[in-house]
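Next, two complexes with chain A in common: one pairs it with chain B, the other with chain C.
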Partner chain A sequence: MAPLSPAVTRWGLVAALLGLWELGGRTLVTDPRTALFLPLPSTIALAAAALARDGTLLAAIVRSAGRVAAGAGAAVLVGVPVGAVIATWPRLGAALDAPLRLVRPVPPVAWVPLTLLWFGVGERQQLAILAFAALLVVVAGTTDAVAGVPPALLSAARNLGERRLLLRVAVPAALPGVAAAVREGVGTAWFVLVAAEFVSASEGLGVLILEGRDLLEPARTFVGMGALAACGAVTDLALAALQRRWTRWT
Partner chain B sequence: MSATERLAGAALGGRRLPGALGIAALLAAWALAAARWPPHVLPGPDVVLRTVLDERALLLHNAARTLWRVALGYGAAVGIGLPLAGLLAGSPLADRQVGSLLTLLRAIPPFAWTPILLLWLGIGDGSAAIIVFLGALFPIVRQARAGFAAVPPALLLAARNLGASPRIYWIDVVLPGAAPMVFSGLRLGWALAWMSVVAAELVGADGGLGQMILDARNLARPDLAIAGMVAIGALAAASEGLLTAAERHTLRWRP
Partner chain C sequence: MSRDVTLAGVRHAFVEAGTGRRVDALAGIDLTIAAGELVAVVGPSGCGKTTILHLVAGMLTADAGEVRCGGTPVTGIGTDRVLVFQDGALFPWLTVLENITFGPRAQGRPLDPALLDALGLTGAEARYPKELSGGMRQRVALARALAVDPDVLLLDEPFGALDALSREQLQGVLEDAWLREGSGRARKTMILVTHSVEEAVRLADRVVVVSPRPAVVREVFVIDAPRPRDVTALGEVRRAIGRAVREG
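After this line comes the complex of A and B, so read on.
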């Protein structure tokens, strides 16, 4: 038997499932009400094309991506310094770390109702919840990265007469871990985004997904879910590429 | 007590006081802020404590609903995820085929399934449990698969050549070798299970702590919302502690 091509061995199952879904839907589901609840892959593709053509999809993506960028950006600006402080000064670090430990078991999405009470429905509430969720991840990751810099590396550089210890030794040594923390923080923001948008938002991918249910157009829901997954994956791949570029020496 | 243990103890002691001060500072800042804002915006720690005590019946009732959903979804994720990881580690073809399917599905945040599940199944324990299942499944499969792949091949060959029965091969050789990674997946999955159940209950569920805290917001009862968050955090932390203890007990043979 000739060996199967890599594309077949990798995507064969996915293609077969999609084919079964389409065929099964066309032949087995005759009741139009059931068909309404379970859109076929072709219906979803058509809905995606329609939503892309009238600009709805792009508007939703821009809105959601903007929220993620702003929320995660704020989390990085605050979280990286805080994490570095926690790792560098043991006593001050313990004072900052203990309250965070107390807060960490509460899933960030559980803050949605409280932030709604404090900020009201609107963009500020959305940013607050995304920034907070990403902040916890970025602080934890940065703390680990900075605490993981081998002390021997620092003393070796000091003994060899390096003056700019922080800039030339400590920062490059911690950078790969910090970059990973930033990536994880952005991923968390994409994750939490849907939950925050479901509860209160006027536009965005989460709203698109929710509208599908409310308008009884499940195809719209699937388009939104696909776009959300694609956005998260693309952002992660882009950040991974940046991470490799900036930490090429590792 | 060895020298290292004493050193570690001293370091802990050195960090315990600042840690307690940090928590005290947080509580003091909360109390001060609460004195400035009306209680329907930010109630103080004392008010929240009283709410926890007064509303304990409500909290317990909703906590039981939430725990049941987590148990259903997480149990299914473990029951399906571990054998699936074994299959992926054992068969390269399955690894590529199912692996690519899992990669696609994993990119979708589990809570994004809520609207479609509500449409299909309606509001109930089933929808929430499936969200929990989806949240916990991917980390469990990923870590366990890596764990199975990390078992030294020499051990597997030795077990096979010595004629180990399938039971001994899987239970006594493969599982212990993979256990550290399996546990790491179980812990990651557990954290995501809690996040997923809260998100699912926020969007639409009949009862549960997530639903309770959203209702509390609609009733302008931030004290009840915070009490619910405290309950969620306490349950998540306590169960995580149980999981860590189980891990330590299971892996006590490790150096």
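After this line comes the complex of A and C, so read on.
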């Protein structure tokens, strides 16, 4: 028998687990309350179809994707130059090291109360959470990428008569690392989406997820989680493809 | 045009990363390399051989003494003295051709098309450095340096990391194109840092043995044999150099 391809193994495992869940749920769970709280894959699929039909799902995806794009976009616009500056002046980097280390382990959801006080209920507060979380990641990644530009390449370029070292050497040399930082920043924005939409959003995947509890429709939460996972994965695949295209030499 | 290089009483110390200690690398180097001469510098690892090249390249500044090129004091990096790094330091985002054209392009000059052929790089123009073998990478590094047509070529163990066969081939390339009489090219002044006595004897007009850190010139050997050389026939001088290196 020919060995199965990795893709078949991977998706086969997912399908098997879903099948087991469906089968186990149908045969083992008899208590209706448990059945309500732990919906079967088929129930979730039906809920997803219903949410897709009435447009709720698409609207949630569009709203959330827009927030992620805006938050991550702002983080990249600010974070890449800031990271480059920190890497160029190591003393600045050393000074900022301690505060950044202290801030990084604080989960984004912990910023919700303060951002609500500062920005009020609304889109700005959600963007603040997303952008801040992504910013930390983008700054750290860009700093590493720019600091990692081999000094020998800069010396070699000067030796060959090049004066525009930033444009001709530093930027292309740091590009693969910066691209990875951008990708990680966008991933982080998806990761903190629920925290961002926790209080003040009226529509979005995070809202869909939170509504499952309020409406006593856990299937809704599962649909939101699945859609969030899919959105994160699709964005990452798209960015990975762009990354491969723009840094073909790596 | 070839130019001579002189180092007179050159001292250099660097601050060791981590400990912050000052380490004397060079303790007064006196050395003159005539225009068009190839001088090999050999010595134990970590003795400061590379420091000599970086001083001539203007990437480092002497603490005392003077480095001159063609009579003028060296004050910084310049295209008249080009260093070939030990690992090549190729630009990974540029193809072979783009790497080689980097210098000419920066200076707004065209590339000498004969260079690719001379270094056996024809057919590899569109490849990226990561797709090349170590030997090919060093060919590109050499071509990139030669493309700016420097007066002085500084070679920092350019073949050190290669297997014996590639090493032999590249030495042959250098020998055929830039060292032999009647190769049609003006000889460049070259300083070759190497830990291989055999390589030094094969390529150099003179071999300079430096001591362990802090380095001084220990002994100078003149290799007066026609090229291409049969290194096996030069056993005596090889042994003498080997002894000088070991005794420091």
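The rule is short, and it goes like this: the second predicted complex is superposed on the first by the 224 of 250 C-alpha atoms of A that agree within 3 Å, B and C clash if a C-alpha of one lies under 4 Å from a C-alpha of the other, contacts with A are read in each partner's own complex, and residues count from 1 in each chain.
We adopt the following convention: a contact is a pair of C-beta atoms (placed from the backbone, for glycine too) under 8 Å apart; a residue touches a chain by one contact, two chains touch by 3 or more.
Note that this is a predicted model, so its numbers are computed, not measured.
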Dominant toucher of chain A (residue count), chain B or chain C: B
Touching partner for A:91 - first (chain B), second (chain C), both, neither: first
Contacts of A:24 with chain B and chain C, given as first, second, both or neither: neither
Contacts of A:173 with chain B and chain C, given as first, second, both or neither: second
First, second, both or neither for A:156, with chain B first and chain C second: second
Which of chain B and chain C A:199 touches, first, second, both or neither: first
Contacts of A:118 with chain B and chain C, given as first, second, both or neither: first
Interface residues of chain A shared between complexes with chain B and chain C: none
Residues on chain C engaged by chain A in the complex (per definition of touch): 57, 59, 77-79, 81-83, 85, 87, 89, 91-94, 102-103, 106-107, 128-130, 144-145, 148
Chain C partner contacts - residues on chain A that touch it in the complex: 150, 152-153, 155-163, 168-169, 172-173, 175, 247-250
Partner chain A, residues of chain B touching it in the complex: 11, 14-16, 18-23, 25-26, 41-42, 93, 96-98, 100-101, 104, 107-109, 111-116, 118-120, 191, 194-195, 198-199, 202-203, 210, 213-214, 216-217, 220, 222, 225-226, 228-230, 232-234, 236-237, 240
List of chain A residues in touch with chain B within their complex: 9-14, 17, 37-38, 90-99, 102-103, 105-114, 116-118, 190-191, 193-195, 198-199, 206, 209-210, 212-213, 216, 218, 221-222, 224-226, 228-230, 232-233
